[in-house]
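Structures follow.
Next come two complexes, and both contain chain A; in the first it sits with chain B, in the second with chain C.
Moving on to the complex of A and B:
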């Protein structure tokens, strides 16, 4: 690449725990060369300066308030490329669990007498509000996947995010399958890219990276049931990170 | 062929000697499963293992390997091949996996040899071991004709109780016997023991296919439109485990990764799987096998028909790893038997009765 000026990038946060931004800060320490190839102009979690001349926007967190729309549109208007960063932005993550109840009740439960002062909408992935060019999944994101994504963007490509399940990475690492030990795992339906982190450490995948593009949900439910998970237990597991996707697939009448 | 005898008390010394000259890989226990891993002493080695999660193909064709290194900004040598091998012994390979390696050898070495596979393969010495009892409830090697060792072994071990019979199959194999003080020539008693072990082993294995293996390609040809594929597709999770653990699956993807210069990088080969969504997707986005049923059918046709036709070797060696890994109980021996039942005259008769 010739010595073009470094692309200006910015990070934005909506409803989320900011863990993905912390992972980015972590990546800036382990892969310090990142700072030689991009110029960060806005990153509230890490710096006070605030520039608005960015071309690439990384957005963390879910849309959860009607007023979020205006800010998201402003980011979209400025940025050439918008990337959803992490499960909350990508899938609405655990924020979407509240969509299983009435928004009015949720608002009253959380804010009590002051409920009417708070702006609360259905929780949505940011792609439900603005066009998103790519996503980096996970809760939190995978540091190395973020670094690879930045390199891909610098080369003029979109990041290549796996669309195969966690089982692939787990088997490649030659892990013993957790189902053989009376445990359960959402690896068969969850998007890989994490290096099968949780199953490698002996704990079942909780699905933070979202569903693979065409998951066999009904067969997976049958599998979970054969391994002793109750119907309510299966629902709870599927709806930890995947509520938005599951509700969407139920609404369209497939997957069950 | 020459036969030698290694008393078991000499095994430890032998392995210690091998380690000084070679990378030694063999079956070892990891938690409560066996894997092929680096052997640092005879204590690591579990020659009486059941089966391993991944087959020894991972040594011949690693899950990820660098093929070339490149620097697109360099005018003199923008691309350099990257070939790195190490003299390696794979110890204790079961006969099914030996047959699988014979197939991989044909695929990667015939015609246009794959330079990376070739370099690694030349540097590998295969020490196989006679299977004397069924290694897993899922294996069906006897039905697939893979319960005898193929001629590709360099050294072949048979457990005689207190000793191993060592059959030498190549110069590479005889090189492993160098300065082994414990090795001796066989006595008449050793020959009798070998004969006894070999004749008794067959009854420890069952024929699990209900038809002869030679009928498999034609059975599959008749079964292309069988409804069983849809039933399997309904169950299949599309997780790809069956192909990853398969000793004869070798499909790979090729990926490029650059460093922060964006012009220096490496091209790598990584295992791929025909069971994954994107595998049969081509430029323009069309996917030739969009359904899990199509993908599973393709897998079984590869194993039971296509590879037989292309290479004269059966693509499934009956190791049973896929059946063991499949969370929804898709087992090749059951699939093949079910197809046979559905094609058999009894089934047609039953259909006539019910219609």
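Moving on to the complex of A and C:
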């Protein structure tokens, strides 16, 4: 069953819920042939065998401790292609929420007297530590998008991830806009590719796939405000998944 | 226990595989004396309670579902229950039925993953599910088929299993159509064949022989095998309303773990499928009781390895319960209800559900719509002290065995608890302001 052309791939996990790895396992329900076109050499959550001769590394989870750096660098040194798998690896996702408070305070709140016992840094996307060739966004990743990404990699290409907003996919589905129903939605500034899944279920987009390139955040904030969301409410919504991106754009002065 | 051998052994399992999250096993036997036997939790700490602080209450559920990709629905539901109790929200009967159905979907998904993909390779002599797929493709295809039904059930109710979408404080943002429910019913009924085959498969597999009696804790209700709400019940006697969860789950820090440990009346207790099975046996669906008998599991069992078998019994139970709930929903007809609104904007509440791995508690204090204090107590954190107590007893019993054999037995033991290490390192708030 092995052939020379089968790429060897490995999955790694850092701070996260392992829901993206679970989505990969679930992809086998519809695409069992995945096992015939790649050779998985490492996937701790699902298998005990362990090989270090991979060429493609999928990394789930955020960088959250100084000790993560060494492991990330070792993966980068080995793999020809490194792919951030899901929002935690891609954007630092929800892990970055704690960056809004001081690390000392967060540790004290949670560990009390033992606060100094554990190694903790600011939560960051893995691209803050190593070069990342591509990302598969989302919390969790979209199963079909993952399968498409693997197909692209097999053909020697990097995955093609949309750079237009969720609203485009939502309109194509002929959904009524949630803003008309007194709800709010981050679709206008969030990267598409999920098929507008949340708005299609009457639930506003939470921004898990990250910002589109050059988003007009000030106009979006105005829209939210016109629909009755308080300033604090807007901040909380934006910073559920996008804390890292918003802080970065504010720091560079192009956020508002 | 006196150990006569003068052997010296050290076992170091770095990052146990086929479990959720990062844990190490360290055993140190010096001159026949067990010096150290730890399950080290080395998962990155995640600080969910600190992240929940300051969040608008509507965001607590979508945020806390991200504690765990495997039990996301239980986290989301428990979070909603905590918020609803804090803000005086009484969900409708339909909401409760849909939530129970959704929890059954998650229980099926998680148990099938554990039984087939994580545990079965040990019993069938395969390193993992991938060689197993080559060796016994029909076994793996059966698992994937059942798992798809479970995942699709959650998708029909809340959009997807990881992470649920359409669930809200007071109700749902989206409802299944009767067509979707009818299709689901057919598939659940058809799944019975695969479940029978699973019982047949496990009937012939031998679990390691090991008994250690401990305290067992689960949520219970008089009229049903409880997953949503209930009272905390102990095998040592006694029951407590969920608001008194701190009397049961006394959390404490240990230095080798980024997850806190808990203890109740004894140094440790067990939660999860085996605890539920023992405490709520009377409420099991008849088919599940027959499966238990076939599989040689009785409510007096004190073998932690049998937790996997209890999960299989629950898989049968949850399928039967899901069939009943879907039938009931179809008879009632689905109403497009608006979520029930809170009657106040400040308050305090505790939510409790049975997650696949045991009792889960979320406790929130909400002030003017914002969460000011949060505490989440996770099943695996409650089990850690008990796993270590089992590990010590197991190593003491098998101290003369070769290290490889002990290591395999220990890894299987840890895996039997189906630990969810990402969950348990949510870490908790020591200074809870009431």
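The working rule: the second predicted complex is superposed on the first by the 252 of 256 C-alpha atoms of A that agree within 3 Å, B and C clash if a C-alpha of one lies under 4 Å from a C-alpha of the other, contacts with A are read in each partner's own complex, and residues count from 1 in each chain.
Simple rule for what comes next: a contact is a pair of C-beta atoms (placed from the backbone, for glycine too) under 8 Å apart; a residue touches a chain by one contact, two chains touch by 3 or more.
Note that this is a predicted model, so its numbers are computed, not measured.
Trainee: Could you tell me whether chain B and chain C fit or clash when both sit on chain A in the superposition?
Mentor: fit
Trainee: In the superposed arrangement, does A:47 touch chain B (first), chain C (second), both or neither?
Mentor: second
Trainee: By the touch definition at the top of the document, which applies to A:15: first (chain B), second (chain C), both, or neither?
Mentor: Only chain C; A:15 stays clear of chain B.
Trainee: Given the touch rule stated above, what does A:242 touch, chain B (first), chain C (second), both, or neither?
Mentor: Touch partners of A:242: none, neither chain B nor chain C.
Trainee: For A:24, decide between first (touching chain B), second (touching chain C), both and neither.
Mentor: Neither partner.
Trainee: Name the chain, either chain B or chain C, that contacts more residues of chain A.
Mentor: C
Trainee: With both complexes superposed on chain A, which partner does A:219 reach: first (chain B), second (chain C), both or neither?
Mentor: So A:219 only meets chain B here.
Trainee: For A:68, decide between first (touching chain B), second (touching chain C), both and neither.
Mentor: second
Trainee: Looking at the overlay, does A:196 come into contact with chain B only (first), chain C only (second), both, or neither?
Mentor: In the superposition, A:196 contacts neither chain B nor chain C.
Trainee: How many Å separate the nearest C-alpha atoms of chain B and chain C in the overlaid structures?
Mentor: 11
Trainee: Between chain B and chain C, which residues of chain A are contacted by each of them?
Mentor: 1
Trainee: Applying the document's contact rule, which stretches of chain C touch chain A when the two form their complex?
Mentor: Within the complex, chain C contacts chain A at residues 15, 17-22, 43-47, 49-51, 53-56, 59, 62-63, 66-70, 72, 113, 117-118, 121, 127-131, 133-134, 141, 144-145, 147-148, 151, 158-160, 162-163, 165-166, 168, 173-174, 253, 255, 258, 422-423, 427-431.
Trainee: Applying the document's contact rule, which stretches of chain A touch chain B when the two form their complex?
Mentor: By the definition above, chain A touches chain B via 1, 31, 33-34, 36-37, 148, 151, 154-155, 160, 163-165, 167-168, 171-172, 174-177, 179, 187-189, 212-216, 218-220, 222-223.
Trainee: What residues of chain B sit close enough to touch chain A in their complex?
Mentor: 30-33, 35, 53-54, 58, 63, 234-241, 244-245, 255, 257-263, 271, 273, 276-278, 292, 325, 327-328
Trainee: Would you pull the chain A residues touching chain C in the complex into a rising list?
Mentor: The touching residues are 1, 13-23, 25-26, 28-30, 32, 35, 40, 44-50, 61, 64-65, 68, 93-95, 97-98, 101, 105-107, 109-114, 117-118, 120, 139-140, 197-198, 201-203, 206, 232-233, 236-237, 240.
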